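Structures are listed in the sections that come next.
Each of the next two complexes has subunit A plus one more chain, namely subunit B in the first and subunit C in the second.
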Partner chain A sequence: MKLKKIRLIPVIALILLLTGCWNSRELEDIGIAVAMGIDKADGQYVVTVQLVNPSSISARMGDSSRAPIVTYQEKGKTIFEAIRRLTKTAPRKTFYPHLKMLVIGEKLAREGFAKSLDLLARDPEFRSDFFVVVAKDQRADHVLNVLVPVEKIAAQNMYVKLKTSADVFAPTLALTFGDLLHDLTSPGKQPVITGIQLTGDPAEGEKMENLQQVNPKVRLKYTNIAVFNVDKLKGWLNEKESKGYNYVQNHVKSTIVTVPCFSNKKEHLSVELIDADTKLKTNSMSSQPEMSVSVKADANIAEVGCSIDLTKQDTIEKVEKLVEKDINNKIRSSIKAAQQKYKLDFLGFGEVVHRSEPKYWKRVKNNWDKEFVTIPIRSRVDVHIHKLGKRGNSYINELKE
Partner chain B sequence: MLENGRISVRQFTVLVALYTVGTAILIIPSVLAAKAMQDIWIAGLIGLGAGLVLVFFYWKIAERFQYMNLVEILEKCFGKWIGKAVAFSYFVFYLFILSTFVLRDIGDFMLTVMMVETPIEAIHIIFLAVVLYGVKLGLETFTRTTELFLPWIVILFVVLFITLLPQIEFTNILPVMENGIQPVLRSSLSFIVFPFLELVVFLMIIPYVNEPKKTKKAFLFGTALGGGLLILIATLSILVIGVNETARSIYPTYDLSKTINIREFFQRVEAFMALIWFITVFVKLVVLTYALCLGLASVFNVQDYKLLTLPIGLMLYVVSLVIFPSSTYLIEFTPIYDFYAVIWGLMPVFIWLVSLVRGKPV
Partner chain C sequence: MVFKKRALKKLLKDKNEADAHPQHENPKNEVPPEDVLSTELDQNVQYIRQTFGNSSDLSFSDFELGHKKAVLVYLNGLVDKMIISHFFENISRPEFLIEHSEFLTEKVEASDFMKQFFAPANKVNEIQLYKEVVTAILAGNAVLLVDSISHALVINAKGWRDRDVSESATENVVRGPKEAFTENIQTNTALVRRKIKDPRLWLEKKEIGNITQTSVSVMYIHSIANDKIVKEVHERLDKIDIDGILESNYIEEFIQDEVYTPFPTVFNTERPDVVAAALLEGRIAIFIDGTPFVLLVPALFTHFFQAAEDYYQRWDISTLLRLLRVTAYFISLLGPSAYIAVINFHQEMLPTPLLISLAAQREGVPFPALIEALIMEVTLEILREAGLRLPKAIGQTVSIVGALVIGQAAVEAGIISAAMVIVVSITAISNFILPAYNMGIAVRILRFLFMFLAGSFGLYGIAAGIFALALHLCSLRSFGIPYMEPLAPYIASDMKDTLWRKPRWKLVTRPRLINQTNIVRENVTPKNK
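So, the complex of A and B:
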């Protein structure tokens, strides 16, 4: 019995050796990639990877004379080849689970980017929750080479900025990689991607001086939404159309609507939308196909720049009408862009038709974009104003003449 | 008596439920989504209905043969020698092959998404070591272990479900029955084969429940519970990650748990969620290996089935490594396996017919 127990010891010892540290990667051996940019040059992909520079972002030991991020660039026939070639220049093996941003250069976006992204869906190191943006009028590497203040890691800065602006202003779109894959393959919706733009000279943005200024010369700024035919960039929407797009998509959580005062057309008041709910509908699509957008929104008065009497129900109703008209205009402009300018269904009406009229959909799905432009779309907006903020009438009403 | 241990009816239910969830939890969403698309839940319900009928039928056989184990049933039915031959091929060509699949599933999973550079042998050895240890300790012990694991499974399932609620998009399951009923039925066939047909292995366990007469309800309830969880997971993955991504993904349930993200705070918990299938795969493999050892021991009149644990374990290890050369092979092989498994899974029908012809056994 005792002998038997002694024999067990080497067996147990072996098990200890077999536990799962095979692919353990120590923190000091990996370069954490936070953003990736893809461009195309000479028939090859140019991959730029932004890594965190750990010694300069640590809170306690932070060495602020060094740049918080560093980028490396390599070319390859596939993304994977380029990434592995990076080991020649980057000091550590790059590590992707913390990737926040994927930036696609405008040139590649115009040529079609979809075939470059399989690695990001296939490789277990990549998650599908990072955001995708297009570098407007730029190469992707220019965008990744900018040093930014506040959030030291540029990719984190871009990530938070996109999330916030999509949440509270709404002409941008926080599109994750998973959503993008869905749009690329769904026959009922063309993809759209938010653009990011660099203001100033790209070369200046790479320097530490850019961080030392109160008003940095080079900044990264989100622009509006780019429209794609599958994976080829066809054009950019303006802010009005972009906002309209987000209304139609039910992406608007909170935003502001500024309308002219009815007392004086040159003065304005702003209303903050606190909740908006959009429904897309189709009729039976049999003889006279027709589709509709209806928006129901709750709002509060946010800022008044003129003298009106907010204590009267009548005034509020007038403001509601103006806000409804404004939102409706934006929606109409995005529908117009889809049906007349680009002739592409980036609004996703095809998916609605697919869900509600599967028989009709089967007939038209192979040339849905052609069918889509001929179908009339009605729109209806219903706004309800609830609160006035912490004042009734504004002090503006009692200003001394 | 080969087995002296006894388990309670309640323990039997838990065993059946977790066995049903087994490896199916990892891949059933993509298996179902491949043909049934967004109608996964209909296919699931039809499959579960048919599965319950099947389970009821298995139980009827156990009852008809007065709760003997499968080998004894076969011997009684076909006579000693033919019975033994049939039992032998049943265990080797169905349950053994199935066990190697189960082991390989967990190995492939670990290698594909969690530890890419680890040799698959290491995963198989560790997993198998635990399973064989369980088998060696006997039915009572591993059943009690299963019972201890149950609360963890329940907690993880509830967490998974609740944390995914905010991301559900109900429009994902529309339109219903876009391509008619046929693809739905084809998918439900896959669901019947995997996992319900595999429940036949419990014919080896029913005899060792302390009140075998009461196992009918337990067997059906356990199956419904396990099947229900699978349908829930499959539907959830359609609702959250959408039908196309579910069908394209090799391990959709893992992808599903990757999407958990509550305010950038509660996120990246997929490794915890993987605990669910580590446990259920363990239960499935331990039940299968136990049945294999017990069955082969009773075919060859080996007095103590525990003698067979190590040799069978070694064979499992080797065959699980060579059975598929690649992931693509597995994907191409799966539809063929469906029909192959039906032949073995429907063996009880044949037993039933033969026993009808030969008259009621004593």
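So, the complex of A and C:
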């Protein structure tokens, strides 16, 4: 009996070979897609896919004469159709789990992009952790066709850039596809998406010369945040409003605040916010509707461009006041943009109301944006300055006359 | 079950033999006259010469013993030349003949005479049968035959060249005893006795091998070792029916519980300290003459991860080293297969930069990852085996050729990707970290199986393989003790010395399943039990 079992082993081994290695893909047979752009033209979707060209990136065999990325473009009535049509032009089957960026052309964004994204939400090959941006004043393929220095893969460049600027400067927003889906469907918050802009001539950006310059002529630059009514782009916030948005959203991890010196209004000083914590609150909405934003932030003095005495508690307190005022201004401006300019609740107060006043929410949720603009919003900012850096007073105080 | 089958086969074999040579063995009390030594010296000498086929190393030293012809028969090289020359020196002294003339006139028993003569250092026996004479000569004794006397005297003159006790070649330690067993069973048992000075260290000897008559000794500490297992060991040893035992593996293959497994269920070591430690745990050692490798049973899975030095370094160091060993074990088992699975099936699992880097390396490689891995693994196994068997001087050439030609050139030629070379090298090095060579071989075999599973089903295949492996391991027994003990069945008190090692003073109890009567280490005498 035991021997019979042993004889089964070669049979089982042969059966293994019969599977034909189901779903097996050799690495050299897949084209790694790192960015995808969606536009609309002639009633069809235009899909642009940015693939990596591994052999020109590898540290050892790096062939710098070849472009590190290559893009392919196809049209289709659905995204899936366009992707499958890509196989006619792309040398390999495209592989999407490593997608970093989704770029939506402004034209499509203005018309409404939501109906184009079902494939990305449905197909298991797409993760939901790539970032979504809108190409400001551009077609998406223009953005994807730019060669960028330092980080050879343009999509990786865009990915890291967005993450860093969202982390330490904060007028941009690192919005993942998963978050976007939530914002699109949640009745209490309108989506916003960061914009990306091309500086220079798009045709120049495709050339390798763009990589060989110290100061490349064509660059990719993140702009501020675009406001959407569901999936239709309604307008762009400025930097102040964008920052205000991030404060309200509690997205600010670290940023800087520059305020005029109290000694001389023409000179400025900057503080570095190291931590900011935002709380949104609502009153009892049915009796006395009112909402509030309160921000608590910790900061360090980063740069002083004027002569003030930082060794005095009094001065620090004055600086704190100025910073608080500045942040509050930004928050007010974003609230103003939401309530007066766009009349859209992209700040997400609806979600807060939903959580704290479910009964009231049930009544107003279908009409929330109209309700939202009438509700007064108070804001309070509390900043605490901790450290001064390597020095106490600036050497500016001791400058020779 | 396997054992039963083997016993059956043996029975069949016995029967065949009996059919081939009928009535070869008679009951001992009826010795036929032709088997008894003759009184004619020439006839006896002739018989011995014939039996040994005129072997050139058989010496017949003729001399006269009080006007009687005598012959001393022995095998050159097996006897101590000093004892033989001492014998002749004494015998040629004139006073010797006068003193012992009674013997020569058959008034005194021959044995008494010789006993006086050689006592007490050398044992002297009296024998009567040809068969006994032959056995005695083969054992390295000198046999004295005297004309007209139908008795022969066996003089213990054993003394051949043995390898000295030297440093262990296969199980090295930085700290700890350096000595290792030799090929001589008596030296070996003495080395252990020197470590355990207690009369309860029992040694039971038997001869196995119809032709080689190899001495095999079973050593255990009575009152610590489990009597049932001792009995089982004896039973299994007694069932062995083979022409010769030349190495401990001959025995190992006969007595192991499960034949169809790559995993060893009998431990072997050439270190006396390891044997002593095992005896103190209640395990049983089997010494085989002619090999420095001593078998230890029962041997459990975790034993193969324990190096001698684990107990000679501080416990925290040992624990870390053991965890390292277990990690290396898994790398060595799953390294190439995990790589194949991820590269062929689960590219989404890799971080993007790593994927791109790997993809760049794979550009232009003509083989699928599985074939690539197989080529490298087989090459490595060939190199390893070649390096092992070759003389040391050539072995170095092999390693240079292997490292340069196979490693570097294959990558540069674009036949193999650099990542694969890294994976295969790490796997190979991880394999060497295991203290037990035979456990390492088991992993080497299974690694290929896992590579095929990974090539066919990806991580799913590996997971299925691991399940099957776990089931198989749990089904194994070593002398009735579950192989995976104390992991499965889980015995919390035995976990102290498995994947990690607790401080010495916490290792108070002996392994639970191996010995059930005498558990507490600090108190060897059983407390009224």
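The rule is simple: the second predicted complex is superposed on the first by the 386 of 401 C-alpha atoms of A that agree within 3 Å, B and C clash if a C-alpha of one lies under 4 Å from a C-alpha of the other, contacts with A are read in each partner's own complex, and residues count from 1 in each chain.
Throughout what follows, a contact is a pair of C-beta atoms (placed from the backbone, for glycine too) under 8 Å apart; a residue touches a chain by one contact, two chains touch by 3 or more.
Keep in mind the model is a prediction, meaning the values are calculated, not measured.
Student: Where does A:Phe169 make contact in the superposed view: on subunit B (first), on subunit C (second), on both, or on neither?
Tutor: neither
Student: Based on the superposed arrangement, let me know which partner A:Phe262 touches: subunit B (first), subunit C (second), both, or neither?
Tutor: In the superposition, A:Phe262 touches no partner, neither subunit B nor subunit C.
Student: Which of the two partners, first being subunit B and second being subunit C, lies in contact with A:Tyr360: first, second, both, or neither?
Tutor: neither
Student: Identify the partner contact of A:Phe80: answer first if only subunit B is touched, second if only subunit C is, both if each is, neither if none is.
Tutor: Touch partners of A:Phe80: none, neither subunit B nor subunit C.
Student: After the superposition on A, what does A:Arg127 contact: first (subunit B), second (subunit C), both or neither?
Tutor: After superposing on A, A:Arg127 lies in contact with both subunit B and subunit C.
Student: In this superposition, which partner touches a larger number of subunit A residues, subunit B or subunit C?
Tutor: When the residues of subunit A touched by each partner are counted, C comes out ahead.
Student: Using the touch definition from the top, say if A:Gln156 reaches subunit B (first), subunit C (second), both or neither.
Tutor: second
Student: Mind sorting out which residues of subunit A both subunit B and subunit C touch, each in its own complex?
Tutor: Dual-contact residues (subunit A): 19, 22-23, 97, 127.
Student: In the complex formed with subunit B, which residues of subunit A make contact?
Tutor: Checking each residue of subunit A against subunit B gives 15, 18-20, 22-23, 97, 124, 127-129, 178, 181-182, 185-186, 351, 354-356, 358.
Student: Which positions of subunit C touch subunit A when the two form their complex?
Tutor: Touch list, subunit C to subunit A: 1-2, 5, 260, 343-345, 347-348, 352-353, 355-365, 368-370, 418, 452-453, 455-458.
Student: Mind pulling up the subunit A residues that touch subunit C in the complex?
Tutor: Going by the criterion above, the answer is residues 2, 5-6, 13, 16-17, 19, 21-28, 30, 32, 34, 52, 54-55, 57-61, 95, 97-98, 100, 125, 127, 153, 156.
Student: Applying the document's contact rule, which stretches of subunit B touch subunit A when the two form their complex?
Tutor: 112-119, 122, 125-126, 129, 171, 174-175, 178, 241-242, 244-245, 255, 258-259, 261, 268
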